[in-house]
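Two complexes come next, and they have one chain in common, subunit A, joined by subunit B in the first and subunit C in the second.
== the complex of A and B ==
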C-alpha cells in the first residue's frame, strides 16, 4: 500500500510529461486512487499498528527504512485529499486562468515528494525528499510567468541554502555515528558539541525552509506571486514537510537536556511569529499576501506547541501541534482558493478589490469566512480543537498565565485580519463589479476544505486520542 | 615530501582561484576562473582517493557549469554594475565566518573510527550484483535515493523550461563546429566505457551521462542536433526513460520474485541484479545526458511548442 502511494503519482507524472493533453484527467485519476489508498492505509494502521518496511530487502542500517504510523497516514491522507481538491479546482479554472501545462506533472511530483517525506525515517532520504519538495515548489511558483521569477529565484536560493545546512548536519551525524536511520541513531545518541552543532545546523536549514519566524521573509512574496491552486498547495502542505522533519529530529533524536535547552527558542520564535505575523497580515494591502502572512502567524502556533512539548513533555501539546497542522492545511487551502477565485473574478490584487464581495460572490466569501473562523479558533472548528488542546495542556502545567495572555492576544490579532476582509466584503454600498459572471463550481470547491475543517470537530475524540499517542 | 608539496600547492591554488573568481570585476573572468577552480577541485577529490567524485566534479563542476555560465552570460542583456555597501558585504561575511567556526569546532570532535556500515556494505557486496561499492550503494542498497535524485534532476529541467528566456540568434564559429564534430564520436566512446566500467571501478551512469551531455551541448550550441528539444516526443520519452526504466525494472523484479517471502520494493533478484543494474544505468545515462543538455541549452518550452505546432502541421 505504501509503495502504491509512492509509485502511482510518479508514474502518473511521467505519463503526463509524455502526453500533456491527458494530464488534467490523469491527475484527477491518480489523486482519487491515492486518496482511497491513503484512507485504506490509515484504517489498516489504526487497526494493526504501525507498519515498517526496509526498502530493497537489505538489513536494517544498510537499507532505507519507511514507517507508516498513524500520524504519517493522517498526513498522507491530508496530502492526497487536498491534492484532489486543488486538482479539481485547477481543472475547473485552468482555461480561464491560463494555468501552464506544467502544473499537472509538477503537482503529482509534489504529492510524491510529500508522501515519501511523511514515510521516510532515514536522515539522508529525508534530505532527498526535501530537495525534491523545494524544487517542485520553486517550479510551481514560476508557473506565474515573468512577474514570479524574482520571488521564485529568492525562494530557490534560500531553499538551497536550507538544504545545504541540513545536509551538512546529516554529514556530521554520519561522521560521528556512522548510521543514517533515525531509530538506530537515537540508540547511540550522545549529548556533546558535535551532536548539538549538527542539530542546530539542521534546525537552521529546516526553519528556513518551513518559513518559521524569523526566517520567513521569502514566504509572502513567493506564495503571493504563485497562481491560486499553487499557493493553496504550498501554504497548506509544503511548509509542513520541513516542520515534520524538525519534530522528528527534536522529539526522537535529541536528548532531554538538549530538548529543554532549545525549548525557549522555539516558544519565543512561535510567539514572535504569532504576534508579528499577525500584525503584518493586518497591514499588507494585497489580498494574497495577507493570507500568506497569516500562514507565517499560524505556523507560530505549531512552533509554540513544539517548544512547550519539548519543555513539559505533555502529550496534549503533541496533539495540539498536529491538530494545528491539519486544521491550518485545510483552512489555508480554502482561504487561498476563495481569495484566488474572488480576485480572478473581480480583477485586482489589492484587498480593496474585495469590497462588496459578499454580494457579488457570496459563496467564495462564505468559504473564506468559514475557513477564517478556524484560523481564529472559533468553536467547533479544527482550529478550536487545536487551541483547546494547547490551553488545556498549559492549564494542567499550572502557573502559565503569561502564555495564556499571549495566546489570547494572538487570537485577537487573527480575528482582526479575518474581520478586516469580512467587513470589507459586507461594504455593499458600492461593490466592485465582477469582470465576468462569477462561476459556481470553483466557489464550491473552495468551500469544501473549509467545511472539512469544521467537520474535524466531529472526529475530535479519535483524533485527539490518536495524536496524543503518536505525536512522533 | 613531493606529494606534500603538491597537496599544499593544490590547496593554496584552490583558495586563490576561489577568491579570484569571486572578486574579479568582470563576470567573464569570474566564469573562467571558476572553471579552473572546478578542475583543481577535481584534482583535489582525486588526491582524497575519491575518483568517482573527481570524475563527476570535472564533468559537472568544471565542464557543464562553465558552459552554462557562458551561455547565460551570452544571453544577458543588461550590464548593471552592482555596488554593495560595506555593511551589506560585512554581514554575510560575519555570518559565514561564525558558522564556519562553529562547524569546524564541532568537526574536530569527530571520532577517527570508520562507520560500522562500511563493513556491512563490504560483506553484502557479493550479493549486490556489482563489485564497485559506490555503484552498489547507489543502485542497490540505497536505490530509492537514486530514483528520487533522478526525479530531482528531471524537476530541475521542468523548472528551467518554464523560466527560460527566448533564444537569441547567434552565429557559430566554423572552427568550433568542425572541432566539436570531430570530438563527438570520441565522447560517445568514452561515455560508453565509463558506463561499463562503473560496475567494477569508478565511473557509472552519472559521469557517463555528464560526459555525453558535454559533447551534445557543444554541438547544440553550434546549431547542430536541432531535433534535440523538449517538444520532440522521442526526446521527451528518452528523458523520462531514466526514471521510468527504474520503476519498470523494480516492478519487473517484483514479478520475478517467486519465493514465498513477501515482495519488497526495489529488491533486485540476486542472480539477475547485475543485469538489472546495467539496464537501469543505461537508461539513466541517456536520460541524464539529455536532461543536462537541455538544461544548459535552456530553450523555453512555450516558444518551442508554438514553433512545433506551425512546423508540425507541415510535416503531417
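== the complex of A and C ==
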C-alpha cells in the first residue's frame, strides 16, 4: 500500500508529461485512487500498529526504510484529499485562469514528495524529499507568469540554502555516528558539541524552509504571487513538511538537556510569529498576502506547541501541535481557494475588491468566514480543538498565566484580520461588480475543506487519543 | 568519531573554508547569479567534507560506499537545482530586458 502511494503519483506525473491532453483527468484519477489507498492504510495501521517496509529487499541498515505510523497515515490522507480537492478546483477553473499545463504533473510530484516525506525515517532520504518538495514548489509558483518569477527565484535560493544547511548537519552526524536511520541514530546519540552544532544547523535550514519566524520573509511574496490552487497547496501542505522533520529531529534524536535548552527559542519564535505575523496580516493591502501572513502567524502556534512539548514533555502539546497542522491545512486551503475565486471573479488583488462580496459571491465568502472561524479558534472547529489542547496542557502545568495572556492576544489579532475581510464583504452599499457571472462549483469546492475543519470537532475523541499516543 | 590524521584535518579545514566563502557570497552578493554560484560553492564544501569523511579510518583503508552514494545523489540534486535557478534567472531577464519599455519612453 505504501509503495502504491509512492509509485502512482510518480507514474501519473510521467504519463501527464507524455499526454498533456489528458493530464487533468489523470491527476484526478491518481488523486482519487491515492486518497482511497491512504484511507485503507490508515485503517490498517490503526488496527495492526505501525508498518515498516525495506525497499527492494535490502537488509536493514542499507535499504531505504519506510515507516507508516498513524500520524504519517493521517498526514498522507490529508495530503491526498487536499490534492484531490485542489485538482478538482483547478479542473473547474483552469481554462478561465489560464493555468499552465505544467500544473498537473507538478502537483502530482508535489504529492509524491510529501507522501515520501511523511513515510521516511532516514536523514538523507528526508533531504531528498525536501529538495524535491522545494524544487516542485518553486516551479509551481513560477506558473503564474512573469510577475511571479522574482519571488519564485528568491524562494528557490533560500530553499536551496536551507537544504544545504540541513545536508551539512546530516554529513556531520553521519561522520560521527555512521548511521542515517533516525531510530538507529537515537540509540547511539551523545550530547556533545558536534551533535548540538549539527542539530542547530539542520534547525536553521528547516526553519528557513518552513518559513518559521524570523525566517519567513520569502513566504508572503511567493504564496501571494502563485495561482490560487498552488497557494492553497503550498500554504496547507508544503510548509508542514520541514516542520515535520524538525519535530522528528527534536523529539526523537535530541537528548533531554538539548531539548530543554532549545525550547525557549521555539516558544519565543512561535510567540513572535503569532503577534508580528498577525499584525502584518492586519496591515497588508493585498488579499492573498493577508492569507499568506496568516499562515506565518498560524505556524507560530505549531512552533509554540513544539517548544512547550520539548519543555514539559506533556502529550497534550503533541496533540495540540498536530491538530494545529491538520486544522490549519484544511482552513488555509479553503481560505486561499475562496479568496482566489473571489479576486478572479471580481477582478482585483487588493482587499478593497472584496467590498460587498457577501452579496455578489455569498458561497465563497461563507467559505472564507467559516475557515476564518477555525483560524480564530471558535468552537466547535478544528482550530478550537487544537487551542483547547494547548490551553489544557498549559493549565495542567500551572502558573503559566503569561502564556495564556499571549494566546488570548494572538486570538484577538487573528479575529481582527478575519473580521477585516468579513466587514468589507458585508459593506453592501456599493458592491464591486463581478467581471462575469460567479460560478457555483469552485465556490462549493472552496467551502468543502472549511466544512471539513468544523467536522474535525465531531471526531475529536479518536483524533486526540491517536495524536497523544503517536505525536512522534 | 574515529581518529583523523592531520591530512584529513587539512581537507576538513578546506571544506569549512569553502563553506564560509560560499556563505559570505550568499549573504553579501547583490546579484542573483553570484548568489547561485555561492550556493554551488557551499555545496562543493559540503561534498568535499563528505568525501573526506568517507575515508575516516575504516578497517581496510577503503572508502565508505554509503557516503559516496550520498554524494552522487547530492550532486544530481545540486546540478538540477542550479539548472532550474539559471532557467528562472534567464526568464526574469527576458521578462524585463532593460530599464525602459517602449511604451514607457517619453514622447518627442
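The rule is simple: the second predicted complex is superposed on the first by the 472 of 472 C-alpha atoms of A that agree within 3 Å, B and C clash if a C-alpha of one lies under 4 Å from a C-alpha of the other, contacts with A are read in each partner's own complex, and residues count from 1 in each chain.
The rule is short, and it goes like this: a contact is a pair of C-beta atoms (placed from the backbone, for glycine too) under 8 Å apart; a residue touches a chain by one contact, two chains touch by 3 or more.
As the structure is a prediction and not an experimental result, all values here were calculated from the model.
Contacts of A:446 after superposition on the shared chain: neither subunit B nor subunit C is touched.
Set against each other, subunit B and subunit C differ in how many residues of subunit A they touch, and the higher count belongs to B. In the superposed pair of complexes, A:160 makes contact with subunit C only, with no contact to subunit B. When the two structures are aligned on the shared chain, A:53 is found in touch with subunit B, with no touch to subunit C. Of the two partner chains placed around the shared chain by superposition, subunit C is the only one that A:150 touches, whereas subunit B remains out of contact. Residue contacts after overlaying the shared chain place A:330 against neither subunit B nor subunit C.
In the superposition on chain A, A:128 makes contact with both subunit B and subunit C. By the touch criterion stated above, A:421 is placed in contact with neither subunit B nor subunit C. Of the two partner chains placed by superposition, only subunit B is touched by A:116; subunit C is not.
When the two complexes are overlaid on their common chain A, residue A:82 makes contact with neither subunit B nor subunit C. Within subunit A, the residues touched by subunit B in the first complex and by subunit C in the second are 62, 124, 128, 131, 135, 138-139, 142, 149, 152, 168, 172, 174-176, 178, 194. Contacts from subunit B toward subunit A in the complex involve residues 99, 102-103, 105-107, 109-111, 113-118, 120-121, 124, 140-145, 148-149, 151-152, 155-156, 158-159, 161-163, 233, 236-237, 239-240, 243-244, 247, 251, 264-268, 301. The touching residues of subunit C, when paired with subunit A in their complex, are 1, 19, 26, 32, 35-36, 39, 42-43, 46, 49-50, 53, 56, 64, 66-67, 70, 73-74, 77, 80-81, 84-85, 88-89, 91-92, 95-96.
Within the complex formed with subunit B, the subunit A residues making contact are 3, 6-7, 10-11, 14, 17-18, 53-59, 61-64, 100, 102, 105-106, 109, 112, 116, 124-125, 128-129, 131-132, 135-136, 138-139, 142-143, 149, 152, 168, 172, 174-179, 192-194, 196-198, 200-201. Within the complex, the subunit A residues that touch subunit C are 62, 124, 127-128, 131, 135, 138-139, 142, 146, 149-150, 152-153, 156-157, 160-161, 164, 167-168, 171-172, 174-176, 178, 180, 194.
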